[in-house]
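Across the two complexes that follow, subunit A remains constant while its partner is subunit B and subsequently subunit C.
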Partner chain A sequence: MDFVLPELGKGIDEATISFWMCEEGDKINKGDDVIEMLTDKATFNVPAPVSGVLKDILVREGEVVKVGQKIAEIGE
Partner chain B sequence: MKAVCDVLDTGLKDYMEVYSLQKKLLAERIRDEIPDTLILTEHPPTFTIGRKGGRENILVSEEVLKKNGIKVYEIDRGGDVTYHGPGQIVGYPIMNLAKWNKDIHLYLRSLEEVIIRFLSHFKITAGRINNYTGVWVGDCKIAAIGIGVSKWTTFHGFCININPDKKHFRMITPCGIKDKSVTSLDELTGETTDMRKAKQVLVTEFGNCFEREMRYA
Partner chain C sequence: MHRRLPVWLKKKIPDMKQVEETRDILKRLNLNTVCENAKCPNIGECFSRHTATFMILGDICTRNCRFCAVKHGIPSSVDINESERLGKAVSELGLKYVVVTSVTRDDLKDYGAGQFVDVINSVRRHNSGTKIEILTPDFKGDEACITQVVQNKPDVFGHNIETVPGLYENVRQEADYGMSLNLLKMIKKVNSKLVTKSGIMVGLGETREEVLGVMDDLRDVGCDLLTIGQYLSPSKNNTPVAEFITPEMFAEYKKLAEDKGFVVASGPFVRSSYKANDLFAVAKQTLGNNLIN
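Up next, the complex of A and B:
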C-alpha cells in the first residue's frame, strides 16, 4: 500500500525528511516510528501506518515532502 | 477540571543524563502512564546542534572547547546550534499535544508566550521576531526554543538566559543567526535574579498558558 505523509497538524503542509530509521526490505510494525521529519524549529517522528515490509523509498534525506504525498510503498 | 502537569526540577545535571530522562518520560507519556510533565533543569557548559545546524556555527577549535570544559552533542531537535550552561532555566515539556491542540506552531508560539509573560514579571518587555522562533528583547535573543515531537508528544523545549557566562556564547553563532546577539535577564535588570523564585514564576505562567494544574513532584 501507499505510505503517504500524514497530517502534521495545522499550518504545516510540508516538511523535510531528516532521516529514515529503517531501510528498504526492513519489516516495520504499525505505530513504530520510521521517519524523522523536520521543519524550522521542530522535528517530528512519523510512525508506520500499517505493519509490513518497507518496499520502495521514494523520497530521501533532505527532500521536501508535502502532506499527502507518497513517500514509500509498504508490502506484505 | 484542568489537566495536571507534573514539575520535575533536576537541578544542575549533565545534558545527556537529562536527555535520557526526557526519552524515558516521553515513552511513558506516549503510553499514557504519566501526566504531562515539565522538566526543569540547568546544564554544565554544553553546545547542542539541532538538525538544521552544522558544526560551522561553532566558532572555536576542539582544543578551546576542551580547555573550557564544554561538551558538544548533535541531537534530534529542530533548530541550529545553542548553548546551555549554568545561569539558564532550561525547560523540557513532555506534553501530549493530542490532548491540547494538534498544532505545532501554536505550541511554539505558546512557549514564547510563557516566556514573554515570565519576563514581564521582571518588568522586561520582550517579544517575537517574525520567522525567528524564540523570545527577543529588541534585537537580542533572551530565550531559545527548539522541539521534537513523537506521536504528538513533545520533547526538548526552551532555554532562558538568566545570568549565563556570555563568553561561551561568543564561541558559537547562536541558532545560526549572524546579525543578532544574545542577552540575559540580569544584564537587562542590573540585578541578581533568585533562580528558585524565577522558576516558580515560570511554572505559574506555564500553567496559565497551557491551562494545566502544575504539581510539583
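Up next, the complex of A and C:
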C-alpha cells in the first residue's frame, strides 16, 4: 500500500524528510516510528500506518514532501 | 548534509480530528489565533486539547519585529463585534482559562486598549468563572491605556520582554526595553495585586549573564510569572536561530528564576501562553490568594 505523509498539524502543508529510521526491506510494525520529518519549528516522528515490509523509498533525506504525497510503498 | 533539529525539539503528531474541531469553531466565528499566525510549534497539541490563544485587532501588525511571523502592514479598521464572538468562542470551546493577545496597533489612538477591555468584559459575560490572561503590546507606554485595562481586572496581565536589551536593535527594533519594563511596573502601580507575567526567548545569541540581568530587571518591576522558551525561526526571512539551548540549561534557568522569586515555565517548547492555566495554578499556590483578584 501507499505510505503517504500524514497531516502533522494545523497549517503544515509540507515538511522535509529529516531521517529515515528504517531501510528498504526492513519489516515494520503498525505504529512503529519509521521516519523523522522536519518543519520550521519542530520535528515529528511518523509511524507506519500498517505492518509490512518497507519497499521503494521514494523520497530521500533532505527532500521536501507535501502532506498526502506518497513517500514509500509498504508491501506484504 | 541537510539540517536536523536537536532531538529535544520533537513533537507528537496531534489528533487531527480534534484539531479540526477547534479550527472549525474559530473559522466560523472569524477569529484569529497567534497559534496560526505565528506558526507556533505547539498548535497541534493545543488545538487537539481545544485550547487556543486568541489574537485580536486583526492579523496585521503595525510593527515588523524580526523574530515574528505575524504579517506586517496597514491594518484594517477595528472590528467592533470581535469581542462578542470571542466570548462565544470561549464558551463553545469550554475554556476555563483563556489567553488573549493582539497585534500591535500603533495606528490607533488607544493602541487597542479599548478592545482588550471589551474582550475581558465579553468573556466574563459569556463565561462565568473563566480566568482571563491578556498578553498585550506596549501601548507605547501610555499610562491612561494601561490603567484602563488594569482597572478591568484581567486575572493575569502579561507583556513579553522577548529578549535581552542588547539584542533589541536586531530582533525587536521598534520596541524599547525600558518602556516594556515600565509597562509592567505601571500595572503594579495601578493594582499591586494583579498578577503580571513576562516571557523571554532564548537562543537568539544572548549570554547567560544577560538572561539573568533580564530576570533581575523583571523582578525589580514586580513581575510575578516568567516563561522562558527556545526561539525558533518561523521562516528564512526571520532572524536565524543562534543556538539551541539544551533542556539542562532550561532547567538551570528555571531554578535561577525561581530563586529570584518568579513562578516559572522554562523549556524548549515553552511559549508565553503554553499551558498558561497550569502556570496560573502554580502561581495561586506559590503567591497566595492575596495576589489574585
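Keep this in mind: the second predicted complex is superposed on the first by the 76 of 76 C-alpha atoms of A that agree within 3 Å, B and C clash if a C-alpha of one lies under 4 Å from a C-alpha of the other, contacts with A are read in each partner's own complex, and residues count from 1 in each chain.
The working rule: a contact is a pair of C-beta atoms (placed from the backbone, for glycine too) under 8 Å apart; a residue touches a chain by one contact, two chains touch by 3 or more.
What you are looking at is a predicted structure, and each value in this text was computed from that prediction instead of being measured.
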| item | value |
| --- | --- |
| Combined model on subunit A: subunit C and subunit B, fit or clash | clash |
| Touching partner for A:Asp33 - first (subunit B), second (subunit C), both, neither | first |
| Touching partner for A:Ser18 - first (subunit B), second (subunit C), both, neither | both |
| Partner chain in contact with A:Gly62 - subunit B first, subunit C second, else both or neither | second |
| Touched partner set for A:Pro6, first subunit B, second subunit C, both or neither | second |
| Subunit B versus subunit C as contact partner of A:Asn45, first or second or both or neither | both |
| Steric overlap of subunit C with subunit B in the superposed model, located at which of 22-30, 40-48 or 130-138 | 40-48 |
| Common interface residues of subunit A - those touching subunit B in one complex and subunit C in the other | 7-11, 18, 36, 38-45, 47 |
| Residues of subunit A defined as touching subunit C within the complex | 6-11, 16, 18-19, 36, 38-47, 61-62 |
| Residues of subunit C defined as touching subunit A within the complex | 2-5, 9-14, 16, 19, 23, 35-36, 39-41, 43-44, 47, 232-235, 269 |
| Residues of subunit A touching subunit B in the complex | 7-12, 18, 33, 36, 38-45, 47 |
| Contact set on subunit B toward subunit A in their complex | 50-52, 76-79, 97, 101-106, 108, 131, 133, 145-151 |
